[in-house]
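Next come the structures, one after another.
Both complexes shown next keep chain A, but they swap its partner, so chain B is in the first and chain C is in the second.
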Partner chain A sequence: MTATVLETYQSQLESVIGAIPCTDALRRSAMDKALTAGLPTPKDEDWRYSDLKPFRTGAFALSKAAQTSDMPIQYFADKPAARLVFINGQFSEERSDLGTLSDSVRLKTLTNHCQVDTARADDLLEGVDALDYLNTALMRDGIVISVPAGVHVTAPVELINLVTNSAKAATHTRHLIELGENASLTLIEQYVGDATDYWSNPVMQVRMGEGARFDHIRMQSEGSHAVHTGKLYVDLDARATYRGTSIMTGAALSRLEITARILGTGAHADINGAALAAPGQSHDTITRVDHRIPGATSEQIYRTIADKRAKSSFQGKITVAVDAQETAADQSFKALLLDRTGEANAKPELEIFADDVKCSHGATVGELDTSALFYLTSRGIDPDTAQQMLVEAFTGDALIAVEDDDLRNALMDNVSRWMQERSKGGTQ
Partner chain B sequence: MIKIDNLHVNVSDKEIIKGLNLEINAGEVHAIMGPNGAGKSTLASTIAGRENYEVTSGSITFDGKDLLELEAHERVGEGIFLGFQYPVEIPGVSNLNFMRTALNGVRRYRGEDDMSAAEFMKLIRVKAADLKMDMDMLKRFVNVGFSGGEKKRNEMVQMAVLDPKFAVLDETDSGLDIDALRTVSDGINAQRRDDTAILLITHYQRLLDYVKPDFVHVLANGKIVKSGGPELALELEEKGYADVA
Partner chain C sequence: MAGTVEAKKQIEEATKEYKYGFSSDIDMEMAPKGLNEDVIRYISAKKNEPEWMLEWRLKAYHQWLKMEEPDWAKLNFPKIDYNDIYYYAAPKSQDKPKSLDEVDPELLRIYAKLGIPLEEQKVLAGVEGARKVAVDAVFDSVSVATTFREELKKAGVIFMSISEAIVEYPEMVRKYLASVVPVRDNYFAALNCAVFSDGTFVYIPKGVRCPMELSTYFRINAENTGQFERTLIVADEGSYVSYLEGCTAPMRDENQLHAAVVELIALDDAEIKYSTVQNWYPGDKDGVGGIYNFVTKRGNCKGKNSKISWTQVETGSAITWKYPSCILTGENSVGEFYSVAVTNNYQQADTGTKMIHLGAGSRSTIISKGISAGRSQNTYRGLVKILPSAEGVRNYTQCDSLLVSDTSGAHTVPYIEVKNPSAQIEHEATTSKISEDQLFYCRSRGLDEEEAVAMIVNGFCKEVMQHLPMEFAVEAQKLLGISLEGSVG
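Presenting the complex of A and B:
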């Protein structure tokens, strides 16, 4: 069964050969590796909480390239440095607005990647599992943003990944973000789509030079029948600061795997996120924070919510290498079940080989505090608003790395809207 | 204003209020005293409409309306206020946001427009100053890190903002030093008018020195077992509940 699904993917390879010329050999190698690795099974530790049915019941076709779409897009920055829109994994010139971004940074689509002297197929990660390999083998396009040393891109860059008309079809997008020494960038990344049962399988690679700073918002707001399997790889050099906040509300089945490798002293990674699972949705977040050198810090704050028959899981692994003394790594996970039929799973994992470290983790699963609800309603606040206030307060913890007040409020508005939709939906 | 008739209340399938009668008119202040576990807080929560406090028989009529038909927030709209014995801490929700949402919830229930942020700030500054509460505490999360006395003063600020017709104050005096007791009593007396009524639940006579009740009742084992004037409170202080109830 698995072999035939993967063989179908193999047959899709020829249609993308030549799309990004310098990657052809890499694609073929990745496809071979996908066949060898096989699709994930429930026995794979990282997949124990995810429903594999969408992957095993048949292959997804390759989504069809689409130049444009009239689907509305919610933007978060009033004055962005650029708006970059990808439709079904292909850059849309029509809906994008490059602004003045290319004046200060090197900006290109992945399809043009091979034309640049400095860029080679080596920049692209081949992958670590079948889904990465499929992304590498079948990617159509992506953005390559390279911020030169010392350049601060002050306005946020909005990166929109939109999928449309892709029933049982997959989009594999590959984005590369590179920050030179002491460069800085704010990226607001969104995944959105229509109500078809598409598969979105994006990979983002981030490389941060010494002293670089990256503020990263990642919003997974896919259509309600979608499958989303996102990967994010972040490498931090000395004194680099990564401040990442993921907000997951979309898709029927959603996974986000974040791998941060801390490769330089004085680096700091915030890897935070909120996941809000509506009835029947399944959300998984897997983080791996790898401290390889001494004197770096990381902090993870995850807040997840599961409504009726929804499932929300978090697996967070912190590894501290034997030489990585004076590491401080914290992890906090809290889940809130809005209904008894909701489910939350947490699996923190600490692998610490150094002795002089400060590491902590905590995981709790709870329900809305009935005393707090009564207190709020006893002051004249209606029950829907009271629940919304408590959910906002709960989720707010996960947004603390978003320093810009307006942006944080806009993200919180999405949480409020999620609760308002919920109360409108009644008892579905 | 409020009439409680043969009220029976179960909490977790256990009967706590066992046939309670009480009538309070506009302009009156009543005090309920009684031993621990008598059901005083249960009565207060039932009036406020706490979920899972199951009224098995009897009625509560407020200004001619069947109170038991209304949800908790609707009762506030009708003019009921409960000062909590143990005010709840709500991390992540600021006191100001809480009070403004509450006031606007009540205004919406009454078909009035929301109060603007500026107008609200003007109101809250006055009410907080009356109760000697500084603005910093209003910006903090609801009751988080507040001392016992600060929590009770916060309850009184909320009462002042909502300006209820009928306030049930559940042991608002406990845990207060003498200065705070005076401030809180001033807050209660400010709410005492011809068109309002107040039900004080207390253990101690000392609050009643500052807020003089018109009637005093003893609640024991889920019922009002004795009623009288202010002198009953003094008698209880002297003899304890055992002899009286």
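Presenting the complex of A and C:
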């Protein structure tokens, strides 16, 4: 079954050959690897909580290139350094606003960049599983942001990935973020789309030089019938700081895999996130924090919520290599079940090969504290509001690391809206 | 760093020389090497088993042939050639001895070496006021001597080898055998079903509190012999039993396969306490030899308010693959798992538990302590699963790992799967080395480094050790660290 599905993808390869100069050989190699690897099955450990049906029952066509769309976009920054909009995986000049960003940083689409810089292909990750390989083989475009050493981009950059008119079609986008020594950047990344049953399969690669700092918000608000399988690879050099916060609310089936490799002493990675699964949704987050070098730290805070028939899963792995002494790595996961038919799964994993380390993880699963609810309602707060307050407080843990007040509040508003829609929907 | 070196030394001390490493020369009666229907028929015939038992074994064998060896555990070992193993070996004594005098003195000598009080010492040496311990000694698969039978009989407790039980209580065995661990449960369980040579059967009648701790000592003796034990314990309504299992094995260069199955059934208000000290031969300091221990242990808290408690101290075996589990079917049933796993040199342990909650109000506690030294790998792997029917469930899990060398690994792989929102699940895990602060504090109080480390390691394991029956705690502490003894109060 999956063989024929993959063969269909193979037949799509020819249509993208030449789309990004200097990547043709890489595409072909990746496609071969996808065919060898095969699509993931529930027997694959990382996929034990994800329903694979959309992948196995048939191939997704390639989404059609679209220059523009009139779909509304919610922006989070009042004064962004730039707004970069991709529609069906292709850069939309019409809807983007480059601002003055390109004055201080190197900003190019992947297609443009490869034309001037043939070495670019070497920077592109081929992949580690079939979905990565498909992304590499079939990607249409993406953004390349290179912040030179010492440059601080103070205003946030907004990156919007929009999918439209793509019923049973896939979009494979590849973004590259590079931060030079002591450079800094704030990125607000969004994934949105219409109500068609599209597949969004983006990969983002982040490379951080010594002392660089990257504040990263990732919001997955795809359409309600979409499948989202996002990948994020972050490499941190010495003293680099990555602060990532992801919020997952959209898609029928959503997966986010974050792989952070700590390659330098004194680096720190914050990998936080919240996933709110409305009725029937399935959310899965996989984090891998790989401490390869001594003296680095990482922290993860995840909060997930599952409503009726919803499934919320988290698999977080911390690996400490043989020589990575003096590592401190923490992880906290909490799941909240809002309904009897909800489901929560957790697999917090520690793999430790060094002795001078401090690593911990904690995980809890439960429902809303009834005594807290009772207390609030006894104070005259109506039950819906009381629930909302508790859910906001619960989710807030994962958003607290966002330093910008306005931005954090905007994210909190999203949570509130989610709760309001929930009570409106009569899911009580 | 000095502390680390010391700690390392202590752990190495504890496990370096296999204290029970000797083998004896008793003639063996063996089935030919390899596994096929004939060997299974041979085993079954040797045991005078009824026809249904043979059929059951053969069915299991064919099931096993269709299965694949699991590879998901964090274990590395050469491929096992299942046709290069003897599946049946028994000591030569054909007639059952009437008394201990009739037991092969060579056997008794081994037991004496092991410190098993089979003869006069009905009470373990040095433990004041110790309760009586009934020993069903298993020597390479066949139960040769059983003590305390009479006293147990008076209480109505059935405590005998499983092959006897198959003949004497076929209905009961048939009813419960493989009811907790189905034949097709996993590769090693299926293998065990096909070839198990002997084991223990315990039945505690309604309302009976077993008058003594029941105990089976296992030994692997013959070269290239797999040990396929089968234990079945049934605690009827309102009964209580504490069962002790201890293992030592002689020093061998070749890897020996051990695939036991233990099944526990607790009916309404019954309680089973199952304690294990596992000290199979771990291989030498270069990782040569050692036992491969693939064990399936599972209990079913079938009745309401029933309780099953697993306590294990794992210090031996080259490979440990073991997940004593509880299926909490009954309302308000309780499952417990307390574990200390020490690995040294090239040992690999992948161990943990599964708590499957089906019954409303069921509760489970998991406390796991892993200590890794040398070049060993120590993995906790556990599952807490709450099914929709399980209302108001509580689980608390704590997994701590202590690393005493920079070449060893400590891993934690817990799975939490919840399908009922009323469940309250907590999981905590930490990994660290002995803190310099603690060492410094102890030393400033006048303890030397060795004593300080001993104290800290002991404290680290205390939550588990205190759940061992007193008789066992002694041996367990010995195993944890011979050099720790002096400092333990």
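Here, the second predicted complex is superposed on the first by the 423 of 428 C-alpha atoms of A that agree within 3 Å, B and C clash if a C-alpha of one lies under 4 Å from a C-alpha of the other, contacts with A are read in each partner's own complex, and residues count from 1 in each chain.
Heads up, the rule we're going with is that a contact is a pair of C-beta atoms (placed from the backbone, for glycine too) under 8 Å apart; a residue touches a chain by one contact, two chains touch by 3 or more.
Remember, it's a predicted structure, so these values are computed and weren't measured experimentally.
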- Message: If you tally the residues of chain A touched by each partner, is the higher count for chain B or for chain C?
- Response: C
- After lining up the shared chain so the two structures overlap, which partner does A:75 touch, if you call chain B first and chain C second: first, second, both or neither? neither
- Task: Using the touch definition from the top, say if A:396 reaches chain B (first), chain C (second), both or neither.
- Result: first
- For A:379, select first, second, both or neither according to whether it touches chain B, chain C, the two together, or no partner. first
- Query: Thinking of the overlay built on chain A, is A:371 touched by chain B (first), by chain C (second), by both, or by neither?
  - Reply: first
- Residue ranges of chain C in contact with chain A within the complex: 4, 72, 386, 388, 401, 403-433
- Note on the structure: Residue positions on chain A within touch of chain B in the complex are 369-372, 374-383, 385-386, 389-390, 392-394, 396-397
- What residues of chain B sit close enough to touch chain A in their complex? 45, 48-51, 71-73, 76-77, 82, 84, 87-88, 90-93, 97-99, 101-103, 105-106, 109, 142, 158, 162
- Item | List of chain A residues in touch with chain C within their complex | 45, 322, 325, 335, 337-367
